[in-house]
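Next come two complexes built around subunit A: one with subunit B, the other with subunit C.
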Partner chain A sequence: MADTHSIIGTKNKKGQTYTDTWKMMNEAPRTPSFYTGSEVIKEAIRRASCDVMIAYPITPQSEAAALIGELFAEGYIGDYFRGESEFAVMSQCAGASFGGARVFTTTAGPGTMRAMENFPMWAGARLPIQMIVTCRGINSPLSIQPDTLEIAYLLNTGMLVWHAETAQDFFDWILKGYIVSEEPDVHLPLALCCDGFFVTHTKDVVNLTPADMCLPPYDPYRSPVPCMDMECPPVRMMRDPFVMKSNYISYATHASWQQEIWAAVERSRKHTIHWLNGLVDTENTDADIVIVASGTAVSQGREAIRMLEDEGVRCGLVKVKALRPWPEEEIREATKNAKHIFVPEFNVTGWLAKEIRATVPNSQRVHAGPHVCGGMTMPPEIIVSEIKTALGMKTFSMAGRGS
Partner chain B sequence: MSKERIQISEALYDIMPSDYQDLVKSATYGKEDRGWKDIGTSKELIEQHSLCAGCPESMAFRYILASLPNPEDTVMVGSTGCTSLVFPMVAVHNIHSLFGNQNAIASGLKRALSVRFPGRVKDVVVLAGDGATVDIGLDMTLQAWFRQEKFTTICFDNELYANTGGQESGLMQKGFVAKMAPVGKLFDKVRLPEIARESGCHYVVNCTVSKPSLVEKVIRNAVHVAREIGPTYLQLYTPCILEIGKNSMEGLQEMRDSEKPAERFAYKEYISEPAKQLLAELATKDKERKAAAKQLAGQASA
Partner chain C sequence: MSDYRVLPGPEHFLPPAAASMGIRLPNPGEAHINGVITSEDKAYEEAARQFLMAKVPTIFPGPLVLWAWNEKAAKKATAVRHLFNTLKECVQSGQKPMLIPMPDYRPKYPKINPEVEINPNHPNLTIWHNKIDCCMFIGVHCHQANLSLKIIRGGTSCYTIAMCAQAGHEDAMLSFRDASVEKLMKLADTIKRLKGTVQPRLTSAKNGVSS
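This part shows the complex of A and B:
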């Protein structure tokens, strides 16, 4: 297999040119296109030089997963099949990644939970798999509606976790995500999350890179651990398997392995900042009030800020793009002037607010809310209302919403 | 990978571990007729093991690794259990990821290797215990067969969960009293060989590992059929002498007792029609090759 550099400028079997990723993402012309989020996933993967995609139906990611199948039928992907469950699919993804393939999959809600045992294994085995998570409710009674609770469970797996706000984020981050997670000093899986339906099933104008350009292929020999393809010498990995040993060396080995995973998450920080232009985006952070959010809650926050401005209340915004690595310094810096920090979320527990409380000084400034969950929308009015109530301003009840 | 791939740089030779030096000197990567008879005269692909003294599983491991037809391009997939104590010391790339997902791992792996190395042989062999194969992993075992994934599944059947201390498993005999089966197992030993046949396996064998020559034959057949046609399944009795109350030297007799005609490990095989044809072709080629070699040897001595 040719190395990544010598292959740039050559064509793949579909006639796409392997293009330097920075040029492709930042310099190549963009075409505005009106697509659903699911279609945008397909268009990103068309350009991603993926070797293997494994699919399983679960709302709201089924459409995207099926559209990738069309790409396979067209010859853009090496192999594609439907697995038997999310647990199996994530293991199949692991097998393909162990074998040196660039791997893509998508899941949602209960599927994420069913597959959970695989994620720390992916990170521990240093497999740079990319998984799209189109978040939906996970609890009983059954719900297929948007709800971001599942992200909380991914935060401590050792995976990189990014939270896209829009379909444009999605398109760009799928492609950039591979570059970050395949860096030799990172080499970790990426959970690229979005809010189901709001992003996947709505249409938006997305600026696409040229369809005849694609990412350079994955080079498995840049991995920090050997690729399992018998192309490099097999070595005895250890004199005694550590698994059954209760001794200090065994504990120290496992401890250092875990520390290395999290060190790799940390090392992804510089690459993520480089490719995503920072772990957060900020607006007007000199204001007394700052909204910190991720996913589509950012869009709703932005709208609430516009409404508050009409009433003379100035409000800043922090859009958290990467959850792992966690933008600790950035959030501290962006909220240093804030007297009040509001964290609107599409889940019942407020996991993002907890993370922020643990990050900023004077954490009593953090107002965890508003929260909607179970598929409820988050009208900007309820963010406005939450802020005004906290400030002691008069609010009007919203008819029919029980507030 | 060829044997050349594992050569050591001269400057580093003396600092390489002796077991690696031995691999370079006398392992049987690339040897056409490799088999159980190489044991004792060449470097085995298993360095050591930390299994119990006399464990039949350790014998099975040695026979299998000596018999793989193409170890230089074989990747093995294991699961959690006693086998995972051995795999770190095996000189064939191998994957342990979770408990029970071995056939899912192998499905993804085989497809990735097919995409990355078109036209080249890359064999995938799963080796896991009966808990992994039949209980926690049954779904993925069967689904890989339904999909006709082209790899071999080997189950080391010791009829219980050995590594966790002897609990009931699906392949345990009915009536056996074990941990988690305090009044004896209440249902029959799962008939996985029959299920394998019905699920689309092209080569299925149920036997013990008492005879190394037999293990060699079934391993070679299973790997060749999986490579060319579709899934294959071997269920090998590797009794857990510890948990059935036997001594170290009694494993072999236990297997011999269990493979008698009316016993549960009496030799049974199923071969699909396309697999029969393939094996016949391979046997013919093998015969021709041996005859040619004999002729050549005759000419050389004449």
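This part shows the complex of A and C:
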């Protein structure tokens, strides 16, 4: 058993130096690099001291799983293999994590849905697995284009859920995500989501940390549950679950267990604020109009704000970085001056708007939209149009092709 | 800061997790009492006072100190034994200190023997049976400790103390973090120092259950 602190400064088999994470992320020199989001995932994992990656390459949504296979060939990952399906992959991730490994995987859209049973199991078993979700359409007829509906299903699994806007977010948050989710008082899986295709397939300038620095390894001895032990919970729970015993004690224990998972989500708040510099980013929140968004809808909102400024309309912006833990107080504070709150989203149901309506006082201020879905893009003009319509300003209809 | 306070129960049919009520864990060098962040020094005094007041002050050592899986664990186990011996020396007649292990986390069916062990799935049974009114968890994996602490708060009036090796426990009424041999010895020293200054509640003990 190696103590995490004593290993700082030593080298791994690839010659990378185990580095204090705060120094690596905040003080080490950064190199601007022009990469796709999938390539950025690979570069983050190169530096993540990952023990096991299990893949079900769901190309063309993301090449990340295949690219990380290259890292295995280069010797940066302890083990790498392909599962039979997304469900198998997530189950195999659980096995590796139960055994004390730092585990990484990726999924998207229908794959997320197929594997869904595993996610509350991961959280219940306190497995700090990191899963990249490159969101895409989930319903028939299938789409490989971005659509964030699957995030709505992840919100109540007990996993931490973060939503990256850019490839830079992605790079930093993959590395920071391990540190937050492996804290012993948290120790939960992290679903790190992005809007697939927009982030995964487009190139952007990303500032990378030095490739010869890597995270300290995972220390399973700090886990709040024992490593793999077939006679003890949580493993025993799965072959001998409480629910199979019909008595008050069994139900009370299971209830207390569930509460503990959500208590751990709450505990992640402090660590997430520390590492992500807050659960939200805000700009101009003294304005009457505020756009609240997550993922690439933030970028579109930012452009809409610039366009509105040209017309003399001032808007604020709240970028929601963490969805679990939910930034309840931060959103209340950031929207306290707003007369109108707009929530642009890349999905048909408007799950983020529903969360915000349930959070802020005077929820009639929340305009759930504009929405696009099924892989449509969201031109900033439609956000501008939505805002101007609500304000009673003259606007022009944006007809789609074929209208 | 949350208005919620982590107090001896019985609190509720299903009490909430203290974290979900806004109670936050202490930072290194701190502790908490009833969910309020405080200095470690204050926590030593209060933990010692609670032990010396209790009719049945009890230590629950868990697997992380019961098994000599590394040198540190073995040393910690020796310190736990020292703490228990100190407690025995410092209590008055009528008080009955106990040392009851939590050897593992297996659900024990059909029935646990509450005289010899405590189990995280139904810790209240051991509390009730032995009329324990103050207890300290040490060496229990954090998830299992929180499970136990919440169930104890829900159904008993026992005062709970956590000597946690990691980040601490909001579900205990008093929690240390980063537990070490030195901290155990300091708690033992504090108990010794307060010996005779604290009146045990021998007549008013609620025997660990709701009155």
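Here is the rule we use: the second predicted complex is superposed on the first by the 380 of 403 C-alpha atoms of A that agree within 3 Å, B and C clash if a C-alpha of one lies under 4 Å from a C-alpha of the other, contacts with A are read in each partner's own complex, and residues count from 1 in each chain.
Going forward, a residue touches a chain if its C-beta (ideal position, glycine included) is under 8 Å from a C-beta of that chain, and two chains touch if they have at least 3 such contacts.
In this text, all values refer to a predicted model and were calculated from it rather than measured experimentally.
**Student:** If we overlay the two complexes on their shared chain A, which of subunit B and subunit C does A:83 touch? Say first, second, both or neither.
**Tutor:** first
**Student:** Contacts for A:277 in the overlay, against subunit B (first) and subunit C (second): which applies, first, second, both or neither?
**Tutor:** Touch partners of A:277: none, neither subunit B nor subunit C.
**Student:** Would you check which partner chain A:92 touches, where first means subunit B only, second means subunit C only, and both and neither mean what they say?
**Tutor:** A:92 sits against subunit B, while subunit C stays out of touch.
**Student:** On the A-aligned overlay, A:101 touches which partner chain: subunit B = first, subunit C = second, or both, or neither?
**Tutor:** first
**Student:** With both complexes overlaid on chain A, does A:260 touch subunit B (first), subunit C (second), both or neither?
**Tutor:** Only subunit C; A:260 stays clear of subunit B.
**Student:** Which one hits more subunit A residues, subunit B or subunit C?
**Tutor:** B
**Student:** Looking at A:126, would you say it contacts subunit B, subunit C, both, or neither? Reply first, second, both or neither.
**Tutor:** second
**Student:** Figure out whether A:226 sits in contact with subunit B (first) or subunit C (second), or with both, or with neither.
**Tutor:** Touch status of A:226: both partners.
**Student:** Under the stated touch criterion, which partner chain does A:252 make contact with: subunit B (first), subunit C (second), both, or neither?
**Tutor:** In the superposed model, A:252 contacts subunit C only, not subunit B.
**Student:** Which residues would you name on subunit A as touching subunit B in one complex and subunit C in the other?
**Tutor:** 1, 226, 231-233, 236, 240.
**Student:** For subunit A, which residues are in contact with subunit B within the complex?
**Tutor:** Answer in residue numbers: 1, 51-52, 54, 78-79, 81, 83-85, 87-89, 91-101, 103, 117-118, 121, 125, 226, 228-241, 243-244.
**Student:** Which residues of subunit B touch subunit A in the complex?
**Tutor:** Interface residues on the subunit B side: 1, 5-6, 17, 19-20, 47-48, 50, 72-75, 77, 84-95, 97-98, 101, 104-117, 122, 139-140, 143, 147.
**Student:** Show me the residue ranges of subunit A that touch subunit C in the complex, using the header's touch definition.
**Tutor:** My answer: residues 1, 126, 183-185, 187, 222-226, 231-233, 236, 240, 242, 245, 249-250, 252-253, 255-257, 259-260, 262-264, 266-267, 270.
**Student:** Write out the stretch or stretches of subunit C touching subunit A in their complex.
**Tutor:** 14, 16-20, 24-25, 63, 70, 104-107, 109, 120-122, 141-144, 146-147, 150-151, 154, 166-168, 170-171
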